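Input: a single structure, listed below in structure tokens.
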Amino acid sequence: MIDGQGAAQTGAVQADAKLHQAEGQAGFEPRILSFLCNWCAYAGADLAGISRFQYPPNTRVIRVMCSGRIDPAFVPRALLAGFDGVMILGCHPGDCHYLSGNIQAERKMTFLKKLLAGEGIGAGRLILDWVSAGEGQRFAELVRDFTGQIRSLGPFRVTPEAEGTLRAIQTALEGERIRWMTGKAGELLEKDNVYGERSDPDRVREVLEATVRDELRKNRILRFLETGPLTAAEISGKLAVPLKETLPQLVALVGEGRIGFEPAEESHQPRYVKSG
Amino acid sequence: MIVGNRKEFGEILEKLGTARRVLVLGCNECVTVCGVGGEREVGVLASELRLYWQKEGQDFAVKEHTLERQCDYEYIDAIRPLTGEYDVILSMACGAGVQYVAEAYKPRLVIPAVNTTFLGVTLEQGVWSERCQGCGSCIVDMTGGVCPIARCAKSLLNGPCGGSSGGKCEIDRDTDCAWQLIVDRLTESGQMERYEEIQPVKDWRTGRDGGPRKRVREDLKL
Amino acid sequence: MRLNYPSNVKVVKVPCTGRVDMLLILKAFESGVDGVYVAGCMEGECHYLRGNLRARRRVEQVKKLLDEVGLGGERVEMFNMSASQGQRFAQFAREMTERIRSLGPSPAKKNKEVLP
Amino acid sequence: MATVENEEVKGGQAKPVGAVLVVGGGIGGMQASLDLAESGFYVYLVDNAPTIGGVMSQLDKTFPTNDCAMCIMSPKLVGTGSHRNIRVITHAEVKEVAGDPGDFEATILRKARYIRPDKCTGCGECAKHCPVTIADSYNEGMSRRAAVYLRYPQAIPKVYLIDREACIGCGLCERVCLAGAVDYADEACQEKIAVGSVILAPGFEVFDAARRPEFGYGVYPNVITSLEFERILSATGPHRSHVLRPSDGTIPERIAFIQCVGSRDKKCGNDYCSSVCCMYSVKEAVIAKEHVPFIKPTIFYMDMRAYGKGFDAYYERAKADQGVRFVKSMVSRVRQQQGTGNLIVTYLDDQGKAAEEVFDLVVLSVGMTTSQAVRDTAARLGVRLNAYGFCETNPLAPLATSREGIYVCGAFQSPKDIPETVAQASGAAAAAAGGIAAGRGTLATKKEYPPETEVASAEEPRIGVFVCHCGINIGSVVNVPSVKEYAATLPNVVLADENLYTCSQDTQEKIKKAIQEHGLNRVIVASCSPRTHEPMFRETIRDAGLNKFLFEMANIRDQCSWVHMRQKPEATAKAKHLVRMAVANARLNRSLGETAVPVAQRALIIGGGVAGMTAALRLAGQGFAVYLVEKEELLGGNLRNIHRTIEGEDVQAFLTDLIDRVSAEPRIHVLTGSQVTEFGGVRGNFTTAVTTAPAMTAQKIQHGVTVVATGAEEERPEGFLYGEDPRVCTQQEFEGRLAAGGEEAAGLREVVMIQCVGSRNEKRPSCSRTCCATALKNALALKRLNPAATIRVLYRDVRSYGMLEPYYAQARREGVLFVRYEPEAPPVVAREGDSLTVSFAEPILQEQATVKPDLVVLSSATVPRENRELANLLKVPRTAEGFFLEAHAKLRPVDFASDGIYVAGSAHAPKLITESVSQAYAAVARACTILSKENLMVGGVVAVVDGERCAACLTCVRVCPYDVPVVNLRGEAEIDIVKCKGCGTCAAECPARAIDLMHYRGEQLEAKIGALVEG
């Protein structure tokens, strides 16, 4: 659910990115999507231009009013659309035009990076950094470095597995519960909770991570089961998560009525199927 | 009571031919009790007909009605206004009822939907068994209360035939040999001497062999 | 449990499947439904002792009648389930819907009683 | 002599408070509450848990009938939750009970729930959104739930709560709750309530299996407790009844059950037997095998204690037909196999050698214990506990605690199964009511209604339809406004409206107003399930003067929006169909009258033994006249043959006192030497003819209830030289001889007792239940009189259940020898010259042994007294062994299927005195639900006969499961509306279609079906 502007713009650059997919490894030119905040990073990029600082042509820019606007779900969407990396640049901490948008962005992206790393996509394809309106030079350097980094990582191949994982991440991030938590976590860490007490920050982080991880794994399991019934061991293998962490997800999905068991009389290894 | 069987649906359809305005007529006496021609069975048959003709895409009119009795003229006469609207009357009564309705509504076609089978009793819910053939001269006092005419396949009057074995009839292994029953009952009641008495040759004139029967009771006549 | 099952299943509540009359099932077909199933307590667990057993016999009889008139006895079925078996209910609903779908619409829908 | 019966409040003071506090809302607490509320008392039911239902709500099936636990319990849940004279206070504890019997003041602490019960609709949106997940205790930690939760889907009250420990305070639940039920400012609050009596029914918790480290619970994932396995088997369990083991989610083939974990265990301090584990293990093994035929269950046990009614048959079936393997051996330890997660079980085989066997799953049959919280409550209330933490009671007054006015029932009294808990709960209700009988009806209220508006069936229907959004539960799937508009177009609908929550209080007012303003004479609510909400809406329209049968519901949530979430247009179309069906039906709904039938407020009790006399005294104590009919010349029954209880109470003194009190009670009419010769009528109004010897004078008695307490007796044994040699006697005879004096005992050098004589065989498959205890009692008595005597007890299983187990341990300590025999090789009693010999297989030496005892004592079976004729007169059923058969083995242990007739004592099955007393009280409580009413309301959903059309074919007479229809003198079937339960089977089969079921008339059902396919 990318709304309004963001959606239209990612859509527009998508076609461009698709083209290069055909190019293959040989003459690999990374395709990078950048989100720049209006007040600092975008101004910094303009300054790089005014100052004629040179940087590689691999990035396409979408201007947003604040880095806080970046929905974590944009990132898997961009990767699915064919980009090799995503760069988010905002104001330096303390300089945010909207007070704390950049801090919120940092929290969200740290969390997202953890997620991408944990699910086998890798955190290296996403960067969040700060560029002030006066740092044209720094902007050019960041683009250069990140392009190099992506070049060394190689093209991002949307294999069926990667696609499954990214779609699962995207679905998870778009769920109301997680959107609320990703949005609310910062407030919970800084302010009193609904009971007028301060929540334990570790616990809040833990809940947030567990919520997203569970949601994500459940979505991935549902995707696996679209192609046919699987045993718990097979699902665990596909998830690359130990069986004892996989089983609770299966229990939850069975409880929600989203998966069930394949009717079989004699098998010791029950196979799970998606519910109709 | 009189016990019957519903005819096969196919046979009923065949008998109906091209008739599509049908009055299904039940009887609230014996055939209701033996679950073959009461209001419920009328409903079932009518429903079957409707479903069939609906399926065949044909036009039809099926009316359900159940009389108190189809063997009394007054009851039959009460539906005279109804009958005019239908091509046939499909009677679910016993043979007597079917005929009496046919007599009353000459020349309208009256079709039986039931095969009348026997005079019998309810053994248990849903199970009936023959007990009487209406021979016109009853001797069950001599035979331990078991009628050898109705219950012996051969209607033997003086003991079993050679086919009785293990208390069962040679015609059908599930049927008790009537004479076994008779002997058992006479033994139980200490009346075995009756078994020794030879029954004379049966005078079948009181039964069907004497032609159609009629009974008149002068004192009751108007 | 919010289990999903097809929306073409509509329920008529009765105190006990023992109340389900053969005529009711036939009437349902007359009014144009494509299939009927009777869902009762597990055998031996009837709240009214044995209503579900009676209902099963009647369903068997209706199957015969439907075969006779050419609608097919498979259009009617008896299922047993307990109050905690929501999953089973949904499963039967799906199974029955699938069965009826493969049988196609009831042929008895073609016509209504029209003669005056 | 123990007369611990303290029900009667000493006279002369002000009226006692007509309310009772019941602590614990499990099956026992619910039963006690319902019985009390139905007999004119107000009940406060306090439960620690956020919902009532107790442990039974977690069970899958129940033995020995394999009934679904939730199915049979949910009517009680709903009944308790909706009873106007029961106030359910959940998530609360009793802090203090001050004052005296008849006039207590209890302090209740209600913990914060953070969800307002008056606003929560139970829709579950909060839990769906809550980001927190934690282990779900309902599934014994095998699944996870949100921090805001409902303990189980059928919970009563259906009100969510926030687990404050788990909640992080993010506020999402408040945001998604459209009912505005979330209240983070909620606080714990104390409340003081006035009650006359208190019943403690707090139940048990299972033994912590980690205290037996040798079994590896908590260390090896595939070692689980029986309650966890119960959840695995359940349809609402973690795997939706698929049997999967925890380590890898595969289906275990070899399952071992280890018995007596935390029971019969001195090391843990639990010397008692938990009474239920043998049976639930057999049940779990059988059910697991039903689920997965290749499962091979093995039960490792010490003694198979299948002592209850029908239990042995269940056990034998499991053994012989259902492939459950039984190994008599205690397991010494469990280890995990490297790599596979399988478990190696070490035990002693039948040769006495250590054996090892590999299993895929091990289930520990954990026993019952009292939780710390309950111990604390008992301490606060000043109620003494016994050495094992169960409530201290006297065997002759098992329902009274150490504090006057406070009663006990269920597993807190001692470990017990469901039917015994239910019986004891009813018993506790009778005890609690006994002391405050004068307060009956002072606090319990009857609702007053405005007069009903006449709605003639010919009157044009004016229907109001209220379509509910149920927050977003319906509205987010079904297009509610379009359903409403559609409803308005249907015939006879004069008003269609929509509500956010139709069940809210203000909407009820709105509906009432609409009835007046629009002259509605039918009301339809299209919302959730009539199973939960119909009673409330019926109440609403009744308040507005409409007959409750003029209400109709369309279930567009549970059976539409919730199950077609992904097919919104189809769901909307279906909702319209459902509303159309409801309208078609409502047009034909008629006002149905309920008739008041006066109750003869007197009881007839048949049998003057301990059960009959106890029941008579308790009923009289509650102010009802009682006719006590005894066949013999003397009261007392089998109690006359018993001298001491195993605990040492003087039974004869108890009996004398009982007889004295019965004779002195003016409300009890004792008819000895009398028999019932005719019986007729229905609950509330029976007429019985009693004939009294020697003159054989006959009298007719009008009474409202009947209690059958005809008892049982020791069977005269066959074989074993009984009756041929004076040195062979029965246990009861031996008891008599011991009681007569010690001289004989002093001379007894060696005694052999033979158990199961005439029980557990083909002729009588049941266990006689009490003989093991009697043998232990007599063996211990003999040891007291003559410590040198050698006593051998030849047994099959020692069934010293519950608190009898310590006596078994004591007997072994005192040197009583227990030798097990197999039914295939029973002991042989013979004469060799002058001496008596007993030869038997000696299992340890593995050879035939012969002893020459001075006395052989036979533990002969307990058989019912002659009762066939009585059963025929009363038209009540008996088991194959001649004991009376109750209405339901689990939940109606003292009721017969025919209302108003109850069974108590050994007439039901063999029983100890203490159990007969409990059951007699139970019968009293059940009887009072009828006797306390001046009138019974009958009618409503019942079958009616159109005599004109009736062919008197007898079909209805034969198919009615309750034998209600009769063909009357006019030759027409007649159905007594007092007896009819409204199943409709007769209506569906009447060949003349002369019978119809009111409110579900053929015409109505046909109209519904017709509406289904129109348009």
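We just call them A, B, C and D in the order they show up, numbering each chain from 1.
Note that in this section a residue touches a chain if its C-beta (ideal position, glycine included) is under 8 Å from a C-beta of that chain, and two chains touch if they have at least 3 such contacts.
Remember, predicted model here, so these are calculated numbers, not experimental data.
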Counting contacting C-beta pairs, the top-scoring chain pair is C-D
For the pair chain B and chain D, the C-alpha centroid-to-centroid distance in angstrom is 52
Averaging C-alpha coordinates per chain, one finds the centres of chain A and chain D separated by a number of Å equal to 55
Taking each chain's mean CA coordinate, chain C and chain D are separated, in whole Å, by 34
Chain A and chain C have mean C-alpha positions lying a whole-number Å distance apart equal to 50
Residues of chain D that touch at least two other chains are 240, 959, 989, 993
For chain A, residue numbers touching 2 or more other chains are 260
Among all residues of chain B, those touching at least two other chains are 40, 43
Chain pairs satisfying touch are A-C, A-D, B-C, B-D, C-D
Within their complex, chain B touches chain D through residues 28-29, 32-33, 35, 38-41, 43, 66, 122, 124-125
Per the touch rule above, chain B residues touching chain C in the complex are 8-10, 20-21, 40, 43-44, 47-48, 50-62, 85
Counting only contacts in the complex, chain D reaches chain B at residues 949, 951-955, 958-959, 989-994
So, in the complex, the side of chain C touching chain A is made of residues 1-5, 87, 90, 94
So, in the complex, the side of chain C touching chain B is made of residues 21-23, 26-27, 29-30, 65-66, 68-71, 106-116
